Amino acid sequence: MNIHTTPQRTPAETALIDAFSDRLSLLPGDGTVMLKRDDAIEAIKSGLPTRRIESWHYTDLRRLLNAVPDFDPAAAAKAIAPIVEGSVILPVLNGVSSAKVPVIDGVIVQRLSEKLTDGSIAPGLDPYGTDDAIGALNTAFVADGYFVDIADGAELDKPVELQNLQAGGQTHVRLAVRVGAGAKAVIVERQTGEGAALVSSVSQLLLDEGADVTWLIVQEQPDTATHLAQFKAHLGKNSKLTLFVMNAGGKLVRQEIVVKTTGEGADFTLRGINLLAGDTHTDVTMVLDHAVPHTASTEVIRNVVTGRARGVFQGRINVHQYAQKTNAKMACNTLLLSDDGEFSTKPELEIFADDVVCGHGATVTEIDHSHLFYLMARGIDEKSARGLLVKAFVAEVIEELDDEAIVEALETRLDGWFATHG
Amino acid sequence: MPAVQDTIDRVRKIDVDQYKYGFQTEIAMDKAPKGLSEDIIRFISAKKDEPSWMLEWRLEAYRRWVTLDEPKWARVHYPKIDFQDLYYYAAPKSTPGPTSLSDVDPELLRVYEKLGIPLKEQEILAGVQKTDVSEFEEASDNVYKSGRVAVDAVFDSVSVVTTFKKELAQAGVIFCSISEAIREHPELVKKYLGSVVPTSDNFYATLNSAVFTDGSFVFVPKGVRCPMELSTYFRMNEKNTGQFERTLIIAEEGAYVSYLEGCTAPQRDENQLHAAVVELIALDDAEIKYSTVQNWYPGDAEGKGGIYNFVTKRGDCRGDRSKISWTQVETGSAITWKYPSCILRGDDSSGEFYSIAVSNGYQQVDSGTKMIHLGKNTSSRIISKGIAAGFSQNTYRGQVSAHRKATNARNFTNCDSLLIGDQCGAHTVPYMEAKNATAQFEHEATTSKISEDQKFYVMQRGIPEEEAIALIVNGFVKDVIQQLPMEFAVEAQKLIGISLEGSVG
Amino acid sequence: MLEIRNLHARIVDDGTEIIRGLNLTVKAGEVAAIMGPNGSGKSTLSYILAGREDYEVTEGEILYNGQSILEMDPAERATAGIFLAFQYPMEIPGVATMEFLKVAMNEQRKARGEEPLKIPEFLKRVKDAAALLDMDMAMLKRPLNVGFSGGEKKRAEILQMKLLEPKLCVLDETDSGLDIDALKIVSEGVNALRAPDRAIVIITHYQRLLQYIVPDSVHVLYRGQVVKSGDKSLALDLEANGYAGVIGQAA
């Protein structure tokens, strides 16, 4: 958070602080949780981050967050079909989890409100840094969500889809998942709805030794919603996480990804697609800590910018002093398709170990004219040819995921976006 | 097989404080009292016999400066600087204004001789001796086949001598100290000074605007190719002295100039402050090449002493098809805070930044560039090579931005870091901002260590470890070294070797 | 000149023992061939002779002119006269081959207490040596081994060997990747270096190279030991009958 005293509170800051006093009596939590909520609102009182805070350089939250809706008790969101047929659905509607949780072999599902009430989730509510505004907002207001515990050795044959659906107002949700040693799972995080909402959503993932997880974040908020999300993961020894993030909606979106390798042999893959349209602002910020030796990561982010959209990707790879033999590679490629679109990239390497191989690449380009010409020479009109090339640019990232059902599901989402924005 | 411990220990003892240029010169100095106030600024201005507009300009900057805070965003850490505990003016007593070398204090000349500066014209006329290496180099694109270099030497705060003045004047080139330019060419100074780096630009630039004492001034008129390399050597000698030089280079339509800057300072326990401002202006079809070899004293093996180098360098490609190229070899200073930039304002203008930053001991480097694309069809190229050894921290920070109207902006950035040892850090912080759909930006960065295979191969040919590392590092930075004029290239390679001494172990 | 006694060595990283009690003596003036199947420890032996830190000698001794070299680093061994022609010469970007040759040659001279070479003399030596190996001087202006073909790299190794005038030459699979013409040229280059005060150790998998550089002795390496020694006829025998026979006797 901004450590400088801010001269005057913005309407949004005031609204949040007022909402906290109003909501306080309704928020679940034992003494420890309530203390953490107090700390969090104090952080918000000292001001939302501005561009002077390095990690918020391109997303001046204080300036951009110009309105905060009230909580809307009448909002009525409904569960939707999962992206992969047959998935187990865990819905959070208007910020409230379902009282009736499905039974899955080898999995314990709990409502997060219970974990708040008994205080067992309290350690996870701490901010990860002084600039953790999303963490603070969520900790202050979070009322529900799920806690999912996948037993050691369990191999889920169907994806689990966590649906966070809003219908306006404010929702603050937390999704916490622990995956036991050697367990294997596909988890889908859906973030969508239809209201002019303020959503904060924090996902926490803990991978035990040898766990293998594919986690898909599919964010398709309407262009009236502010979506502030965080994904935090710790990767244990020899564990493997493939994180896929797709942003295809929202008015003001910030998706933070905070990953730490805590066990040797851990392997992290990030694949991201940002499809930006209209007069929107989307920021994906990743902080990856290679904290132990012999871990690997690759990140590929592809962005398509249309309309008056502004996009941001910040990726920081920290290689700690003892994290020798780290192998880390990051790439961020952007297609800027409109004169009024913008994209800013800041791929950072912070390296304190010498026996490493790290690199990053970034490009901002137009559509390759020779490719366009080739397609047109085969009789495809310019609009279709452009569409094909742009889609191919992002689809490449999806096709790398070697699960047919998932690839198909994501391509359907992609087609949906291109049908309305292409 | 593990190296013999004894060898490791011996190598460790050869440390960074064996600073080659760490001698001090006993010369009578003329100093202003310590501290900074409007009176001091009046004193400096009076000492330099400046017109009143210049004094006003300085005072305005000073009044602005007192309202500013030091910037904190760079990745460097140092104790707070007491700006009232510095001398802002120190000049060798024999000045001002020597008209020929014979007027200069012989002691001062001996200093420059020790530094290896080709100050005496006859030496220069004899041509700079070609070194062996050059025999095998590809033909250099160096246009100055004669190897002649005109030198402006700045000692602490004051320019003591400028060579080749007459010959340059015949070509229409003005090359003199900025103090002289303020007196002799006020219309040019008034027009261009502060037009690239405004007095309000940043904390250090504003301080510099208030207190700058000397520096170089270059004016190359329309259509003139400057007939020789121009060069300035800066040397900080006096204790607790800040050095605030100001350089202003103007290349009019179609003009060309290549300018070299070298720096040294003696070894001291205290940290000395250096806050220069360099402004370059290139009009239509003009080209300016600016090269720096910076080896200010870096501090001793424990990180004590050394220069704080907070420099603002900016070039304005004001005219169409103009070109500005920065090349820097940074091996010195305890702290380096420096981002030579190009504002690509003219259509079809281009900017280049070639950099080698070597850090060892406890040095901290936060350096890079800014390429601001404003005009149409502008292009920029950034090649940065960072080498971190010892306990040093070496950060590349660079910004490339294409503004809304900058159609067809092109940038290529390559930044590679090399780590020697596991106690140092190498960091890369590029900012890419595209606001135009026709922009094409490409950025690539790598960080790695010297390959054991390469080192073994070189040592197998009988080359000791430290030299093997220097050899491989010099290969790593070759792309940048090639951008330097020949005399500087050889010096730069040697410097890199010297500054990496003691990095093995 | 070279005497290896009961040498045991392992990989530092994982402790795998590669050399297991190897004995070998090579006299001045001798050309010794070391042959063996893949994985027998041939290349490891060449690295250990040159002092690579990835291997640790756990037992035994390597004597060079009667002195142990185990405590010497690679550069000290090289200036003492041990030269390794690499199987895979390293590419070193940015370092011009000529500059590298000059630095390396002058290190040899420094070790002998001689003055650095004058440029014209240096150039003459390089030109003469390059001509013998049918090498283009233009190639030597390029960065060391960067963009060289496999054959060019091997020639460059022999060129370095000629110029550095070592006393003990170790050639590691110098024939691999060479076509027949290049093989002849390289072999002639090596043969020209045969001298009464110089020993040459040729490490090879095939007998092919030995048709051009005829060895005085042939040693078969298997599982980190010399299992059989003989004269040049042993190489022909191996070529005709394979390693199985020899190894079988040893096992």
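As written, the chains take the letters A, B and C, and residue 1 is the first residue of each chain.
Criterion: a contact is a pair of C-beta atoms (placed from the backbone, for glycine too) under 8 Å apart; a residue touches a chain by one contact, two chains touch by 3 or more.
All figures in this text were calculated on a predicted structure; none of them were measured in a lab.
Q: So, comparing each chain's Cα centre against the centre of all protein Cα atoms, which one is closest?
A: It is chain B that sits nearest the middle.
Q: Which chain has its C-alpha centroid farthest away from the centroid of chain B?
A: Result for the farthest chain: C.
Q: Would you kindly tell me how far, in whole Å, the mean C-alpha position of chain C lies from that of chain B?
A: Chain centroid spacing, chain B to chain C, equals 47 Å.
Q: Go ahead and note the Å separation of the Cα centroids belonging to chain A and chain C.
A: Chain A and chain C have C-alpha centres separated by 57 Å.
Q: Once you find the CA centre of chain A and the CA centre of chain B, what distance in Å lies between them?
A: Taking the average C-alpha coordinate of chain A and of chain B, the gap between them is 43 Å.
Q: Considering the complex alone, what residue numbers of chain B touch chain A?
A: 73, 404, 417, 419-449
Q: Applying the document's contact rule, which stretches of chain B touch chain C when the two form their complex?
A: Residue list for chain B touching chain C: 1-4, 7, 132-133, 135-138, 451-454, 456-465, 467-468, 471-472, 474-479.
Q: If we count contacts the way the header does, which residues on chain A are in touch with chain B in the complex?
A: The contact residues of chain A facing chain B are 54, 57, 321, 324, 334, 336-366.
Q: Which of the residues in chain C end up touching chain B in this complex?
A: Interface residues on chain C, with respect to chain B: 48, 50-57, 70-71, 73-75, 77-79, 83-84, 86, 89-90, 92-96, 98-100, 102-104, 107-108, 111, 119, 123, 140-141, 143-144, 160, 164.
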